[in-house]
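What follows is a pair of complexes built around subunit A, which joins subunit B in one and subunit C in the other.
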Partner chain A sequence: MTAAAPEPKANMGQPVPRYDAAAKVTGRATYASDMPLDNPAYAFLVTSAIAKGRIDSFDLDDARGVRGVIDIVTHENAPKLKESKLFSNGGYAGTTIQPLKSADIAHDGQIIAVVVAESYEAAREAANRVKVSYTAVAPSASFDSPGTTTAAAKGQNAQFKEDPEVGDFAKAFDKAEVKLTASYDTPTQHHNPMELFTTSCAWMGDNLVIYEGSQYVYGLKNGVAEQLGIDPDKIRVVNPYVGGGFGSRGSMTPRTAIIAGIAKRLNRPIKLVPTRDQGFTIATYRAETRHEIRLGASRDGKLVALRHEGAEVSSRPDAYCVGGTKTTTRLYACPNVDSLVSIVRADRNTPGFMRSPPEVPYLFALESAMDELAVKLNMDPVELRRINDTTNEPIGGKPYTSRSLMACFDEAAKAFGWSQRSPQPKSMSDGDWLVGYGCAATCYPTQMAPSAARVRLQRDGRTRVEIAGHEIGTGAYTIIAQTAAERLGVPLEKVAVLVGDSELPPAPVAGGSNSTASTCSAVMMVCDQIRQRLFKALMPSDSLTDKAKETVGISQAPSTQVAKSDRPLDLEKAFDELGAGVVEEYGEWKPEGAPLDSFKAMHSGHARLVGGHAMKDKIAYAFGAEFVEVRVNRFTHEIRAPRLVGAFAAGRIMNPRTARSQLMGGLIWGMSSALLEATEIDQRNARYVNDNLADYLVPVNADVPGVEVILLSEQDDHINPAGAKGLGELANVGTNAAICNAIYHATGQRIRKLPVRLENIEV
Partner chain B sequence: MAVQALSAAAAANNPLTKATAQPLAGGTTLIDLMKLDVMRPAAVIDINPLARGWSAIEPGSDALRLGALAKMSDVAAHAEIERNYPVIANSLKLAASAQLRNMATLGGNVMQRTRCSYFRDVSYENCNKRNPGSGCAAMDGVNRMHAVLGTSDRCIATYPGDFAQALIALDAMVEITGQAGTRSMPFAQLHKPPGDAPDIETTLQPGELISAFAVPGRWPRSVYLKARDRQSYEFALSSAAVALDVQDGTIRDARVALGGVATVPWRAREAEALLKGQKFDDGLAQRVADAAFADARGRRHNSFKIALGKRVMTRALQQAVTMEIRS
Partner chain C sequence: MSDKSSSRPSGFDRRTFIAGAAGSALVPITARAAAQDASASGAKDAALPVDVTLRVNGKDMRLHIDARTTVLDALREHLRLTGSKKGCDHGQCGACTVLIDDRRVVSCLTLALAAEGQEITTIEGLATDDHLHPMQQAFIDNDAFQCGYCTPGQIVSAVACVKEGHAGSEADIREYMSGNICRCAAYPNIVAAVKQAAPEIMKG
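Coming up: the complex of A and B.
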């Protein structure tokens, strides 16, 4: 593994260092809780110790006695807030369970009181002294608990529109020469971003500033406005840096409006820093899922029948689901496909997006099953994928805009040394360790959403890009700056970027890996508007296009492919002709196929994502292939994954350095989702047990000694002007299957339930 | 609550004699548990001012003395300890993280408290250790990390540390300093199994401090093997501290202690008795491991620890037998 940034290949930008690298490593980057507040009070949450029932009474005497306590807010005296609908039903909220509204408790760790004090310590001390009497009702914890209800996702979740199917699955499966039926389980997982779920609220008269790590500042601003019943333009959400999101900050959580309401009442800025374990219940999570896969194939490996049935847990009131069948039914050529997704309601907080929400659990099932089928066919699993590779998805027959799946398999296989594998299970070892190799495909839909941007260019080349995008650690600042520099032909050091502020032109939610494609497409468009103005000033007559290009280094209508001006603009000259000191342009970009109300929705905090399988006459996905080496200790049964190799193709790679970093993190997370991460639920009381970073295991450096990322050159002219496919959620998909496939190879044991722990190995 | 610093001179009028006072060493257990509201000492006494006298690492020709305020990292990296007491060096190296080992002291380490999730989360009422008489949430709850040896019907919490296994295996003595002066007792008598009173974890009296550990003999043929969910920074699911004296293929003396599986640092004396005087082979190792876990009792999620514990122990014995001794 090398630390150096990869050299760019064809259709890749420069691997420039991160725009914010120095600020981050020196601690100068200001996250939401770092924002200075004028005489703040500190809030600390009290959360419920039962998952279902009601609060009979509070005893607050002890708590009030703590020096410095200002107020204790419970359902009896909480600010009145309006309801917000679930984001998938046209609202902003990640949950419709609104705490502090009544004495009712709907899930473990629900916010039941907020203590406000002169210091964090006093607030926490007092919160520890709040005594609560409950009447508890036996809750339903998960799949097998009594009292859950199950129903098809279709019809109850507005965003889950179809159970994809084609042909006649039953008949084809019945007649198939080789058949596989297998069930798979994935666990509950929590994002655990480094930055806690903090919120600071400060009012200036009727205007509210919210400092909160958010993946969607426009969504949060509009959502809080709705809950407070005020004009959204009176609210500003600021977060120049977000300490990791992974989906957990994509939709509004109840805490924000509560803190805003308390700040208003107390007429004082309020800072809330919840604890790590509170983060498990006051935000969302990845719910546990169950799958049954049926595959039918001919003896030569051609899929003839595929069925994917998935079940997911959600809360009582909200029908959240990820419904990954939209991807798994389209990944391989197969004429007879059937699928069904259902939702199981339990007494839990509402789950939500978590990095590659549909693909992580659903591809685990499919890519494990493909490996099992390869074993049944006595075939190299890579070849099985090759035989079933396709240019058109099978459900609607639409062509993939580009698909480099097999190229990824071949590149990664070569780098990994797949040919060294002896296919027989248990045939490779090294000292105390059984060695196994495994692989799996990954894919992620290419999505875009409308975005606006403002760009300001000065005659000395200094440029400022303003866009309410989000730096969630992905490199947004860097690639936006690169895009503007290349498009305008100004030096990168002269470009300043502002993101993470709802006063800036709207950008979509930083979710679904749409940010790069959406924000860079908007920035390119607005940079082109500037070029147009300068060009027109210099060359009023169109016929002189070529001359203009020669003299000032720009053409009138730059090709969308070449996101770069040919040479530096002669800016002094252009500005003289224009008679201006500054050129500033604002523009709104929307992807092909975006709905009519897109721009209106964009301003009111609703992102209209298009892409993936939902495009009219095509389907757009990024692809990759992952190979892992797993070692299982013969004595302790400890499982380690010393080598992770992935090859990925995602259209234009804006910056190979930041791209590699995303993909590397993805591979590590993918490994982690197979071997380490699981939120344990106490089935008796529907409570999370290991809700801290000592017990909820994430990998440490020693777990990932070898991670190799290969970026493939790919050009796709059918997706967006930037030519970029999102890749932030690509690499953590499929890794879980690759690991289990490698464990099978090492031990001969097929494991279909995650995470795999040493006690699951029987050597 | 105030934090006071304790000087050697103040020992006469020891503020620690109050049962609700807690000594503060590295703070890596104590501060955590105070933040979680699990420990609520009325006073915290900083004992680090005693470090000058209490942090020495003294390998002698026939014994080893370790001050209670010595840092885990310093002891782990000490060349003579690595050579003559690999079981001690490795039990420390394989514990926690580099940052924690730089802060944490040996005294604090052996006094660390269980990682039982229900113990560490005060929103669970039922924990006999934290809240005597309230029941045990782990017994029929999530108990994968819990103990299979030395449990009672009141508490099944695992003693989580690593170093203590090395100490108990090597017959270490613990030196205790209190108002009445300094006394010494076998380290094996420090921790108390949960029995009827899981809230009482050690035999230390209020006002008493651990000042040092003394390890008799030298144990170059010794091993600490630790099985865990991740490669570093993780508590043991099962561990074994093994020290052998082998001459001409015959085991003259054997010390075996088990971690991650028991409620207290666990000496496997049955195993030792079976090993002594024997020639090592895999069949013997198996019988020894079976004997060590004969009384083990698994619950819903932790039964795997019985088989795992045996395999870890067997492997540690094999490693100790075959290890090359540098002289």
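Coming up: the complex of A and C.
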């Protein structure tokens, strides 16, 4: 067995290779822009060179003169589209800034024209020949720009319901024996999935097919239908493979309906392949944030007061925010807690979710502050977490369904060799390199959403699972196949899985790390329906007695319990009794606590995620602990992170291979966030400067020497039938703080602003 | 070099091509005047399609395409070989990597015309019959991908990396595979895959 396929521990599935592995290594996996179109025209976007103001006029003569140009679409002749509300206000859109609607410019890089031509080359040339006259107004770029407006998030963002608080923070902080007040900054970041934000649209009569990498095919289908004013069932979104999402493809962007409208008008399939730099402004991003943390503790390390104040940038029209105080106020035992989240409006495109949206910036602040407190207390940072570990969150007193935080710390510390650390800063070195060890907690809420599935079982055991889930690299095909095989008792190689198509039964957005729990719970339930039918055929007078339940499984029981009581069905006999060659079942599953309108919302492309802190009488999170070795060159100040070690517990691990890979990628994402990634903003022009993959630094292979992932065994029977906690966004949360804590240990310098680059080191 | 004396089968003229490409973003503004001069002097219109023959995975493919078409767009848009991916179109990400005469190149920065007469190998050309190339198998065994979008470029690059003699150590593999970005960050698994496949590839 290779390192890629860890031996399963208790409550883990088999580390089988990916269902889609052969397709992906041979180039046969077809992503959206790989889909063949019949005689397509090619679209190329023209984007705004100013961030605020209006377009006075276009001069299109030169562009129209390019051979092969078919049409140039601007606000003066664009297809009329209906508006869609922001997803957080019940709509589908990731931004309410609708390009090509008027001459107004709301942000740099806004789409202002679409050139359509016979070839990609002609479209590109003509787009570069479009001349635009603007009246520009000085824009507000970010936090410190004149002209921004600031207001509390509560009351303007429907998804931000509360600023959590409990006890009397001010009094407790005032009296605390040890106090810490510190401010932290996180930068703008862009997802930069490898697949560009392409869209292909082809009409057949009144029916539209959209090929677009999406993390939510039902959302996109319904959103585009709303914008075009047509029946959603006339639209089909297809993307069997998605070239990375990380949140960037979760909500609808304006480009899709625009391309669909132009394709309709020209009566021709249209293929849009935007450039990498256009991707920085035609989709969303992680906005920059600022934090102030106040911690008060007793001499023996018990937290007595905690306050977290966060501020986030959003666009002028949209009150997007991530509001991570819901997590940071509940992570540790503390009787007096206060918090406040504010939104600062600037002339920017609307930000959106990027891998672990709330947790990455907010836990960077809290977990850095915890390390600073440990230094003040002269205490081991692992012990400080142990002293403040809790079984109940402090705001509402609700119990965690399971919480293996300290087990993760202990396992990771052992594997890392934490006991070798000499506690004093600057006390460890190796030649020219100052060596530092740091650690931090990581966590992510366990979320679920309603999901449907259809399963078809044949007499010979061949099985087909249909569900409009999304393969964004997470292993969705693989774990869905494993779930069905296990539940029906058929060999894995007999199971076929279809995802990434809005004609399939609805699944939720592949966001908030809810997919595994939601889709596998639905697939389990539908497989159980099949087992029940077959069982009834075999034992007609005995159906659904206790014995029957034992045989067919109980849909709300965790899969491990069922597995123990499963008996293989004699398929041929059951099909004979049933008098059928094929059994097909469709079912709709919803998590405990899902709102009444959940299933309706599921079909109309609105995901109703439940879980995390918002459950009625419990709180569900996955936890982990991350340890990092950094080396800082005492002369060049070069920073390296040669070792990343993480231990994670996330309920049932469906497949240790895909889980390990995702957590490993997460740790590297965290390292990247700490040391490399930042979108630089030209403050005068509110413009992204490094909008390409050479200047927006992401890790390459040489940046990543050693990563170790430890999967802990954990069983949680209180979350969902699959017993799974999402882990796709778990590993990249704690790394930022762990690295800054290690840099402090190496150099004695506390860095509170990300990313940390060599120019920030003052050894 | 003029149209008549061209040794290229396409009869392609480099000078008129450069003039005709003036509208693309990379050419400075002063070149636009040259474009007008060129058309005024009655030279061949660079926007007219040209005939190109590309040898891809052992087969000659005849194309009638815009002279500015890159190898990547020729493969993807005209030959329906969509295994090679477009991730940046600037030679920054490596997703489009193919072998040209056994050297790894970023096909997004290589004009189709410039690859005439050379042997192009894409991800689709690595497996023989139903047998995966050892590097493809090693990527599966070591779970060296997640979303899979960079994977064709990684695998093609990895094959060349081994043949170049740059797979002797993990540090070498990491260094010589750093032209291919994997945003899912499967890097440690990619290193393991290259290490696994290297001896078999060197054996031939």
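The rule is short, and it goes like this: the second predicted complex is superposed on the first by the 733 of 763 C-alpha atoms of A that agree within 3 Å, B and C clash if a C-alpha of one lies under 4 Å from a C-alpha of the other, contacts with A are read in each partner's own complex, and residues count from 1 in each chain.
Criterion: contacts are C-beta pairs under 8 Å (C-beta built on N, C-alpha and C of every residue); 3 or more make two chains touch, one makes a residue touch a chain.
Computed from a predicted model, the values in this text were never measured in an experiment.
Touch criterion not met for A:429: it reaches neither subunit B nor subunit C.
After overlaying the two complexes on the shared chain, residue contacts for A:390 are found with neither subunit B nor subunit C.
Applying the stated contact rule after C-alpha superposition, one finds that A:22 touches subunit C and leaves subunit B untouched. In the superposed model, A:759 makes contact with subunit B only, not with subunit C. By the document's definition of touching, of the two partners only subunit C reaches A:668; subunit B does not. In the overlay built on the shared chain, the residue A:689 is in contact with subunit B alone; subunit C does not reach it. Looking at the shared chain after the overlay, A:699 reaches both subunit B and subunit C. In the superposed pair of complexes, A:713 makes contact with neither subunit B nor subunit C. Measured by the number of subunit A residues touched, the leading partner among subunit B and subunit C is C. Residue contacts after overlaying the shared chain place A:636 against subunit B, while subunit C stays out of touching range.
On subunit A, the patch touched by subunit B and the patch touched by subunit C overlap at residues 124, 128, 692, 694, 699-703.
In the complex of the two chains, the subunit A residues touching subunit C come out as 2-5, 17-18, 20-31, 33-34, 36, 66-68, 119-122, 124-126, 128-129, 192-196, 241-246, 273, 275-276, 471-475, 657-658, 660-662, 664-665, 668-669, 672, 692-694, 698-707. Here subunit C touches subunit A in the complex through residues 21, 23-25, 45, 47-48, 65-66, 68-69, 73, 76-77, 80-90, 92-93, 95, 122-124, 126-127, 132, 136-137, 139-152, 155, 173-175, 177-192, 196, going by the rule given at the top. Taken in their complex, subunit A has these residues touching subunit B: 47, 49, 124, 128, 277, 432, 633, 635-638, 640, 675-676, 680-682, 684, 689-692, 694-695, 697, 699-703, 757-759. Residue ranges on subunit B touching subunit A, taken from their complex, read 35, 37, 97, 115, 117-118, 120-125, 137, 140-142, 144-145, 225, 227-234, 237-238, 304, 308, 311-312, 314-315.
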